[in-house]
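The structure appears right after this line, and notes come after that.
The first chain written gets the first letter, and so on, giving A, B, C and D; residue counts start at 1 in each chain.
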Amino acid sequence: MGSTFGHLFRLSTFGESHGGGVGVVVDGCPPLIPLTEADIQVDLDRRRPGQSEVTTPRNEADEAEILSGTFEGLTLGSPIAVLVRNKDHRPEAYSEMAEKFRPSHADYTYQAKYGIRNWQGGGRSSARETIGRVAAAAIAKKVIAAHFAPTLEILPYVESIGTLKASVDTATVTRETIESNIIRTGDPDSVEPMTDLIKQVRSEGNSVGGVVACVIRNVPVGLGMPVFDRLEADLAKAMLSLPATKGFEIGSGFAGTQMTGREHNDAFRMQDGRVRTLTNRSGGVQGGISNGEDLFFRVAFKPTATIMTSQETVSTAYEDTELKGRGRHDACVLPRAVPMVEAMAALVLVDHLLRQRALCGERDS
Amino acid sequence: MGSTFGHLFRLSTFGESHGGGVGVVVDGCPPLIPLTEADIQVDLDRRRPGQSEVTTPRNEADEAEILSGTFEGLTLGSPIAVLVRNKDHRPEAYSEMAEKFRPSHADYTYQAKYGIRNWQGGGRSSARETIGRVAAAAIAKKVIAAHFAPTLEILPYVESIGTLKASVDTATVTRETIESNIIRTGDPDSVEPMTDLIKQVRSEGNSVGGVVACVIRNVPVGLGMPVFDRLEADLAKAMLSLPATKGFEIGSGFAGTQMTGREHNDAFRMQDGRVRTLTNRSGGVQGGISNGEDLFFRVAFKPTATIMTSQETVSTAYEDTELKGRGRHDACVLPRAVPMVEAMAALVLVDHLLRQRALCGERDS
Amino acid sequence: MGSTFGHLFRLSTFGESHGGGVGVVVDGCPPLIPLTEADIQVDLDRRRPGQSEVTTPRNEADEAEILSGTFEGLTLGSPIAVLVRNKDHRPEAYSEMAEKFRPSHADYTYQAKYGIRNWQGGGRSSARETIGRVAAAAIAKKVIAAHFAPTLEILPYVESIGTLKASVDTATVTRETIESNIIRTGDPDSVEPMTDLIKQVRSEGNSVGGVVACVIRNVPVGLGMPVFDRLEADLAKAMLSLPATKGFEIGSGFAGTQMTGREHNDAFRMQDGRVRTLTNRSGGVQGGISNGEDLFFRVAFKPTATIMTSQETVSTAYEDTELKGRGRHDACVLPRAVPMVEAMAALVLVDHLLRQRALCGERDS
Amino acid sequence: MGSTFGHLFRLSTFGESHGGGVGVVVDGCPPLIPLTEADIQVDLDRRRPGQSEVTTPRNEADEAEILSGTFEGLTLGSPIAVLVRNKDHRPEAYSEMAEKFRPSHADYTYQAKYGIRNWQGGGRSSARETIGRVAAAAIAKKVIAAHFAPTLEILPYVESIGTLKASVDTATVTRETIESNIIRTGDPDSVEPMTDLIKQVRSEGNSVGGVVACVIRNVPVGLGMPVFDRLEADLAKAMLSLPATKGFEIGSGFAGTQMTGREHNDAFRMQDGRVRTLTNRSGGVQGGISNGEDLFFRVAFKPTATIMTSQETVSTAYEDTELKGRGRHDACVLPRAVPMVEAMAALVLVDHLLRQRALCGERDS
């Protein structure tokens, strides 16, 4: 209940930020996929803190161990468990949290819901929980490539930080461009101003939000299960399940609500023997089903809740008090959010690819 | 697969716009809830076309019949099946659709996915499918009131149509205000300009989109199941599963990404013995769990795809062609989208209320 | 919750024995399967009461109407709803049941669980509920034949009634033999004594139980999902979900517990290029996965609870009382249980066939 | 898919007999349950090999580590991951298995299904997999006691081994009696002959099966979710998901099929203000719902497939060959099957208790 995702490629993540470790069990991975810890490690390294001057200095190696489900370098078709040990225990950094709820954190709601919470760090609401998702998605991407769509490419990038908006051509942006800069934006000209902005808010003990955009190329036609499991519905859920997210839009999104139908409709034309659309305001999905155009969506991330100034709050004794943030935190989660968005997109896609194969068999698409 | 929603209050909708009928089976409704067809009919009447001068003239009575699951006016705890017959068959209005894919409709993607489609109307992608959801939600609202939260109030309203934005105070808007006008906006001053806009685009054979905002009052603390089934994640999925939706945001949403943490954080204060927040940029959810403040979210609806001008498209023989919309269609779905948003919100809430009762029992909250 | 079955070929049955009707929604049926009401009717007719002198005289036509999910004789890939109206309302036959719990019926437990029950007939616990299952299975069998295993044959038959045991060769028994007699046994010599036994217990106002055996031929290798969704585990659940069942055994079953490993093991040998077993004590399943041999299992049905003699029981006012059965009931459910066992077997198989295709794609097996 | 069990108290087991380890993630455990590794260890010790002269000498400590989901000795409401490392690696003992399929094992079917298998031991089909189940059930039993039924008692015992049948009074048998002997039978007089039988078949390189019976006392009325998730259906599935099981019967079971309704019906009488039955042929379940009487069921276990004599089989090159069992194996799994049956019963019960609380709230029963 709650920590399980996917209908066929089903994962259960586990682990608090402080405790034995974090990880995932993937139940439903096809057999015979080449898989080693190195395949997982590369994405964990992109996700982890301490990668650059703009991310939190919590520097854990985040080493993945595959506990089960592989044999001689291939998946067995049985559950794949991946464990990453927690190493950087510093509960003293959190002792004040034992007695005060941090504003706009999950402290109060966890306490109210469960009657208990692990106050040593974010517990289950920590971004550290996403390790399990990223590990599962590393496997998912290998399944997609091996069974379904070798050329499918998931390319999330930072589109804006605060009010700074990058200028990115979704048709041509490459992973190399995105991963070549510490912001993970697709616009080289935005790297310096965005870096400066993050440094500035951090120096002020403040934080800043932003938007991750994501383009996915070479998506097979026919993914998505109307009416509830529309592709965009499952993507929306996946993205809004990430910490600090506040919004999702696909294709024209909120801006499209201001257009007329005549402006908004994507005309169909045959091109190279395929049905194509001349524009892509649909964002690659029509009626809940992928139409073969690029998937395109955006995810809103709020500014990090932990700030280094005193804030009004309430104690666990339910009295008014004040709290000043401490510890090591990202002033901006956006660069590290990129691999998280990528992970959730991969998990949605692999599940829908398997579901479509179940329903319709293997067809040309 | 695909037409089933909810983990405990589980519904399966069925039916195409043309065929025997549409409806729903609700598996998981608690027993002893007073329920008659009239309880369902009132919401179906709000959803159906032909209510006013701004909605489609397809005028079907949409009469609900409860086939099972009640006895002497009370629910039995067994599956409740609700059927609404289709009456307004006019396949001739759709004959051209048999051979051409309507742009930005689901015609092409359904054909590509399934290899077949019911071209008489929208088939399963028709807004008519939402009848089953609205019927199930009418039951859900009775369960919420009887078992969990008698004062909980779900208040969606039209916030914008095209570029016209209503001015609504979410703290004071009432159902009476919203339902008293054909636009279903919370702002009396916007009714006339919005009505005029819809009439104008319709007269031009065009269409227009808009935004539905939704405030939910008196939500119990503690709803939502981290990490994947966060309350906002399930709301996002629910809303993006509605036809014509392109975006979802909760609380500060996309605008919040431009704020700093200091501006964005919601300070906690004790008020009347309860933990409250001084602002509500979180939109009533923190860490995926309701915090007792009003839930507040927005849903983006694109302009109706059916327009009365000639458009480039492709035939089912996969050749370029042109198509001009015909038949009766809303030039703007927003007024009718209001009860749909309300329905999906109720379905998410009832499921999470039941899940929370399962996990933690009945506690004061 | 409770009335939903299957992971990919998912059905929700609905309906009480008295009320608007009974039926099913199948969510997850592949598209392009030829399907008309006649395909369903043939199995409903085998299931329904009043077929012969040994079944209950409640004689309802049980006419199936397909409400959705087909178009021009083919499945659409969308939910298929099937409705059968209740016609034979005679609540007066049940008026005493309003105030007394029938022994070994579900009256008391339904009342205790839900706080309410439809006392007009068996409500949801009536064998009439299986109409939805049989309808769904008629579709399932068409999917199996079209997509997976055209020669797969599900052959349940009555193996015993009371202490009378039929002599059936599972390797050669045919559907023709089974369906040619009103007992639905595979042993022509048992028809007369079994018929006489049923008539005798009925004339005494008594009832009798029995065993249905089932052989399934030409099952693809590789069905079943260890460790929980083993093929025999899902078959066991499916069979024990039928009314009046008390036991399930596969292959050697309980008798096999008295053998030694040397006697029990099924030796492997190559035959015609396939791996075969020389014996089939496994019943076609090893390690939870089909091995290509015939599936063979048995299901125990208790004697019908309704008998025409006075019995000690308790009233709904929770006082000791007596009750004498009335109304029309089978003195022996076995002949009608045969199509129910067949239906549940088909539903398990189609789901595992789809799951295997999802996981491993379409392979030779 | 396949390794996940339970609707609300949901577990995913992972791990092969040889590899990093085995374990479980429990997603859906209520918060605030006292839980330490010691609570789990006690049941793992009952399950593990090497406990006595009648079980396999594979002697692993099977030490449980709780990786997540607890804090200061209490459950958090978040996923609980439990890991048990594999220690006793002796792949050389299995080298012949790399090239030959062991008769009546899962070797061939795993290979046929997945195209790959971990031939070092039983892989996923090993009884070692049940460690995860037993660990999860240790938690489940604490939840049952804390939230629902403090006096509920699950008492499985060995009823027969081969043709030796114990004489046990289900109304009076105690855990002390059962656990005081290495056979885990409830009949002290059967201990010696059963022990002798196991030793004898082992000395002959042979094996023997048997039956585990299980009585569950103080079960709340109202558990079970008709129509598919009947309590006996879920118990049947749970038991048949255990390795080496071939049958399940509840109450009168297969023997009951030979009775008439007059003999079989359980008369109701009021006793101490409660509805009771004078007999319990129903086995504690009527209409799929517990009636408050003792649950009583039996599970058939086939003789261990590994025997120390030469057997005909097939090689992985698909040629006829011979194989002689080696390694360390139980000649009789029955004593160790007792805690496995107990575990699966606890997992079914906790899930239905949570489901009933979700549906009907907390009521007197």
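Rule of thumb we're sticking to: contacts are C-beta pairs under 8 Å (C-beta built on N, C-alpha and C of every residue); 3 or more make two chains touch, one makes a residue touch a chain.
Just so we're clear, the structure is a prediction, and the values are computed from it rather than from any experiment.
Using the contact threshold fixed earlier, the set of chains in contact with both chain A and chain B is C, D.
Superposition angle, chain B onto chain C, using Cα atoms only: 180 degrees, a multiple of 5 between 0 and 180. Comparing the chain pairs C-D and A-C, the larger number of C-beta pairs in contact belongs to C-D.
Separation between the centroids of chain B and chain C, computed from CA atoms only, is 39 Å. Measuring from the averaged C-alpha position of chain A to that of chain C gives a distance of 45 Å. One finds 26 Å separating the Cα centroids of chain C and chain D.
Counting partner chains per residue, chain A has residues 1-4, 7-8, 13, 28, 31, 77-78, 113-115, 124, 226, 355, 358-360 touching two or more of them. Taken as a graph of touching chains, this assembly is fully connected, with contact between every pair of chains.
Contacts from chain B toward chain D in the complex involve residues 7-8, 28, 30-31, 77-78, 147, 226, 354-355, 357-362. Those residues of chain C that touch chain B in the complex are listed here as 1-4, 8, 10, 12-16, 19-23, 25, 27-28, 31-32, 65-71, 74-81, 83, 113-118, 123-124. If you check the complex, the residues on chain A that touch chain B are 1-5, 7, 13, 101, 103-110, 112-115, 124-125, 129, 160, 162-163, 201, 206-211, 221-230, 232-241, 243, 245-254, 256-270, 273, 275, 277-278, 281-283, 285-292, 298, 300-307, 309, 311-314, 318-320, 355-356, 358-360, 363, 365.
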